[in-house]
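Chain IDs A, B, C, D, E, F, G, H, I, J, K and L follow the sequence of writing; residue 1 opens each chain.
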């Protein structure tokens, strides 16, 4: 059932739908991974990285909301439940237990790198079928790449 | 390894540790379930419930942070990762796809009811080993029961 | 009819219910008494006490809302109507007409003292049946005793 | 005793005094009735009306303060105690216990209608003896009639 | 006369100019239609839709300002007068008089749908001649489609 | 159909109704005219008048909302649609295209003068049938006359 | 020379003009007298009255601005220069040097009483020629009478 | 009588006392002159200078308060009454009636120049007897010289 | 002399009194020690720890105020003077002079650990005689243990 | 050395890198030129243009930060040092000394025109290699063109 | 060891160092004394003086931070520990236990007087060796003398 | 040409003029150097120093504005253009490319040290000719020395 009438043709809608659902799962998992490390980090850089992680979490939460509501606006019911996230995320398993600050930064570099790679795919995939959705992905990518730089600079 | 020296005896620590980890999983899942329904709800009460759900999400996020940092403060590394949440949550499966407003309210009544039941257990279990942790659970329970009333009043 | 499903057993609910209804009546009356004196006070300390009374009124209004919504959250419909307050309040009759500043302070010491006495009873009565409600009473008592001290210090 | 020297002649003062005291009682009762329904309302429109009622309560509290301080400014000690309100209010008895949303709206339409009718009388009565007081009643009436429209529109 | 020197070639300017003027007229009319319904809506969902409409009006006003100033920045004097709006808007006649809440929502779904259809045309038309203007249309479309979804969800 | 029960007698209602509908049309047009000139003004005083015009627009929007909601509160459905405004406004046609700063100021002096003249009529007309509505017109007139002075002083 | 075209007939303008100029002088002097006492007060009530006086000064400054700009809006150049104020004020000479708190309060009761008496005259005088100006005087009078009451209550 | 015990020797106190009293009179008159021109200015630069004058008035009011309270802190009762200001100010008579914008700017250049000249004298005079007071004069001079530059730049 | 009438029995009052006075001394010293290290810390983590210490200081100041006012509210005059703090604090001597960042963190771990140990004693001691005071100690302990964890994590 | 791993291929990176470095230099120089004229402008429009220039400076500073951090995010160390700016800016030499308001506006029209021309080149150049960077240039261009219009309108 | 390279010669540094350390001790003790009396004051002026004392405490805390960080900036490790304050303060012993409002004011007059006397010495002593530090002392002195006046005025 | 009439004699003006122009160049370069390092820093202390540098930039921008406007206020046109800064700054060349955190801190210590040395010269040079300008330099020096300490402490 399409509750919301989509302004897109069916073929376009399919492409855009997969891109949005994939982005949603990645972004929700990014927020969970960020919090996980925020709580478990130890080491001399504890406070600095602890605070920096909350900025990533805030970004990821805002972006996931934008993406999910974009899906709804196009007539696609988004799925951001824990099990969907656990099985479909592009982030490889976040480590459990205490984590040293250098490793914490490394884990975030990896997680952000994985999401950015997939997000750039989505920018390409949606250019034709829906430039409005593409614009959202472009801005999210810009923001994630900024976080990515900062964590890389931390470990340089 | 205990990075943080706990002020509690080992037996007490075990009880408190399980209570905190359980509460963390419930609260993270509550925030994900709240968002899931926030994005998928339809029907005449859409706007009202859509806004109300974001207040539950905000509460659940704040409480999950308090609980996880309490665990860390006691020397227990908290685990709030997607897979841990997916397998351990006290909330039964959140429905996927569009959801009518009445059903959305019903789903939240059930989810909150499940979490409150387990939270009251934790209030009892931690009274003796750590009144500081218990006080945190008491305040979270009061807040969740207020949300619970409001959703019940919605469907009365 | 129980609109809201209570997490408490029936006997416990009865005790908690009476405590909450009694507290509501006391706090609404405290807000009315505070305003009454706020408007009618005269004397050299007029401005100082006039402002201080509005802080008591603000406290009493906030606490009465917390108490009434706690009752609702437990499935008990609260009653804060003028006639219920007029007949059930623990505050003895507030004087009418202009009131000298010293007498105004004295009237507030008495009013707060009466409410605090009854509130401490409620802390004791609810400890067993519902520690969540008790915690609310404990925090209200702490706040009222702070106001009580300040008015006593005024007339020392 | 006249603590405050009134700028009005005695006959005028009597008229204005009765109008102000009557308005005070009505407005305090409106704030209590608004809260009573705010706490006890149930039904699908719960949240929307619950919030709307708090706006009426805020209006009524602000207006009652303006009216009472106007009385004091004219040398008339105002009386806003629970028993005075219970016996003198123009609002018919507010229902107790849970109240369905449609009935809640209806009760507010009646309460506001009753107060507006009396307030328009006071606008007429004070035009000659004190245009300053009349201006206060005019602005209160405009605000109450706006709330009145909104509740009527709710039940249309 | 070109007061402001345009950075665009003449052919491009013509295309962009028509797109901007058309968008301006649609957006001004959307703000007027939104207010018209905001004032005339009745029914149980009155308050919720009444508030939601003011968010559409705020969006439409902001977007119309952005579009008109973009026209000026390109050397095109914008025209947002009542008669121009009345004759050129893409929104079909807004109904007059009281309007039931369900019909109000339906009218907004239609109005937003009409404007979105034309706005997507403008996104396509301006891609080549002026990507700066296109970017503005893309962001406006995203926002309007979000409002569109919400009103559709309301009537689902 | 009267959705909202009017507190006025029928003859009074007719007078007040015409005054409110006329004021609404004038004020909506004033906001559109102010924006039109805000976007098209050129000349050395550009920035100063550009900003000043937005203050007139803000005033006109606020007043039109007050007037329309007053109409609704009296049971009169207000009409602020583009075509109604285009045909019924008291402002003579606003010029199109770029406009020199001195002419822009002159156009606003004329527009405000026209609206003020009609508004003072409405103050007189509503004095008897509804002093509450009259009070709203009085306050709007005071504000418009202040803007009128400022534009006249600009061109002195 | 009339820079600003007045909406009033000449005879009316003369009455209103005198009322506005008189009010301006009284209000500027009230702000200077309030500051004079604010700086020179001594005694146990120093802090309380010191702060209260700044509220009178803030009121008087706001009202003097409203009155002077109303005069300008009617085409009457206002005169608020020190010498004009010194010679024309309705307040009798403010005392110089240190002033005991009780005397400070008494001086303000007298100053406010003098200004209120003259302001009520102006309310009467402007009712017919300009209800817009009258409304401004009514609101100023209400505010001054509130301050008057408070200082009287201080010395009761 | 010395209510406040001065930390200065008698000879020093006399010098500092005269400097503070003179500065107070100049600054109060500057605030009155600024407002006088703020209300009476006409011409194309009306709005710009009208706003700029309010910044001078705000500065002058703040500085006069600082200076008067400094006098009190040294045991010198300040005198800022209208008649004292009218007879002792260093600003030559402010013009009455409408004033063209260029003349308005010129009048402020003169007024500020006069006050600055006297203030620099006071900086010199107080260097030895009280560096604390001197520091206050230095900061006031810096601020007045900034305003002075701006008005001179306006008329360049 | 008991200025404030205590709601506690004499034996209970003695226990609670000692707990409150002890907590006050510990918390004031914690704020002084935090500032001391805030000013003297050097090393690569300077900025991060410098900022973190101000959060401890802010916490300690807020808690010391709560504790002291609770003592007053129970009729016990609190003593927070420098000499009382110097002789009675539970924190061992804070080092003087420049302090390396790692040592600074270590000093705070020790200071917080000492205060937490004593605070948990107070939680136990006051449970019976005054649950209101106990609740204050519980919340302070939760906050201190959170700071304690963070400093431990810094040095892990 | 590449500290930050770039998501772009080498050829693309070269194009994007030159565009970002060029934009950085232009934007830093725009902020310096804006401040230079902000400080040196004289003439009747002094205040208006003085304030307007600070808005350009604020824009230029924000955009230069965005551009430089985008470079870093792509692994390109940005260079915004004074000598690099002095030699590489696209703005022709800013005049020194006092500058009349009309000339000041003209200088800004030229400076903005020069930067806009180069920025539109960059929009074209980066479309293919990096749409994320292009999006940043598009938004900066829109903002600069708005400032450009305003200065042109000033001198019309 | 000098961690921070001082811009002052050794002899100058010694003078400035002693002045800063002395000022730090006085200001920390002033903040403790202010709080001590804030908590223990009783009498009719309780509320007024209670609030006023918190303003002194806030001033003293801010100034002590400024002074300590100035010391650090000059390479002097500041010492603000409880025992250093207890033994080196210029304030004579603050009384313990309840204190009547008049005595409280007197105690503050004495404490402020003592600190001001020593601070004026420091202004003199640092004029030559470091005008930057002197400027800080001058501003602190001005602020303390303002508080001093106010407490003296209270007891006049 | 002197647009602005200087309150200083010619010889004094020359000294003050050179001091202000020199300070301006140093402060603008400090803001550019701060940003350069802010963008290029890498290493474990990245985030901490990255944020700290923005505080230096904010200080430098505010101080450069104060200094340039002080020059204008004295009739001296300030010169803050890129080429003037590049050739006249007291800061030795800022390094280009990525910079390790320790080196970044060292570069700021050097840059601040160089500017402070020159600023202390200006404090001496302007003491006689213009104490108002000197006071500005004193406050800037205090602020720069605080930043200097913090960076030195970072590298201790």
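Going forward, a contact is a pair of C-beta atoms (placed from the backbone, for glycine too) under 8 Å apart; a residue touches a chain by one contact, two chains touch by 3 or more.
Chain-to-protein mapping (UniProt): A, B, C, D, E, F, G, H, I, J, K, L = DNA starvation/stationary phase protection protein.
The structure presented is a predicted model; accordingly, all values stated were derived computationally and were not measured.
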| item | value |
| --- | --- |
| Which listed pair, D-F, F-G or G-H, duplicates the contacts of I-K in over half of its pairs | G-H |
| Rotational angle, Cα trace of chain B fitted to chain G, multiple of 5° | 180 |
| Computed distance of Cα centres, chain K from chain E, in Å | 62 |
| Where chain B and chain L are represented by their mean Cα positions, the distance between them in whole Å | 53 |
| Distance between the centres, which are taken as Cα means, of chain D and chain C, whole angstrom | 23 |
| In chain E, residues with contacts to at least two other chains | 3, 42, 45, 48, 69, 72, 98, 135, 153, 156 |
| Pairwise chain contacts, counting only pairs that touch as defined | A-B, A-E, A-I, A-J, A-L, B-C, B-D, B-E, B-I, C-D, C-G, C-I, C-K, D-E, D-F, D-G, E-F, E-J, F-G, F-H, F-J, G-H, G-K, H-J, H-K, H-L, I-K, I-L, J-L, K-L |
| Footprint of chain K on chain C - complex, ascending | 45, 48-49, 51-52, 101-102, 150, 153-156 |
| Complex interface listing, chain F residues touching chain G | 113, 116-117, 120, 123, 127, 134-135, 138-139, 141-142, 145-146, 148-149, 152-153, 156 |
| Chain B partner contacts - residues on chain A that touch it in the complex | 1, 3, 28-29, 32-33, 35-36, 39-40, 42, 64-65, 68-69, 71-72, 77-86, 89, 93-94, 96-98 |
| Of all residues in chain K, those that touch chain C in their complex | 41-48, 50, 98, 100 |
| In the complex with chain I, residue positions of chain B that touch it | 3-5, 7, 69-70, 72-75, 131-132, 135-136 |
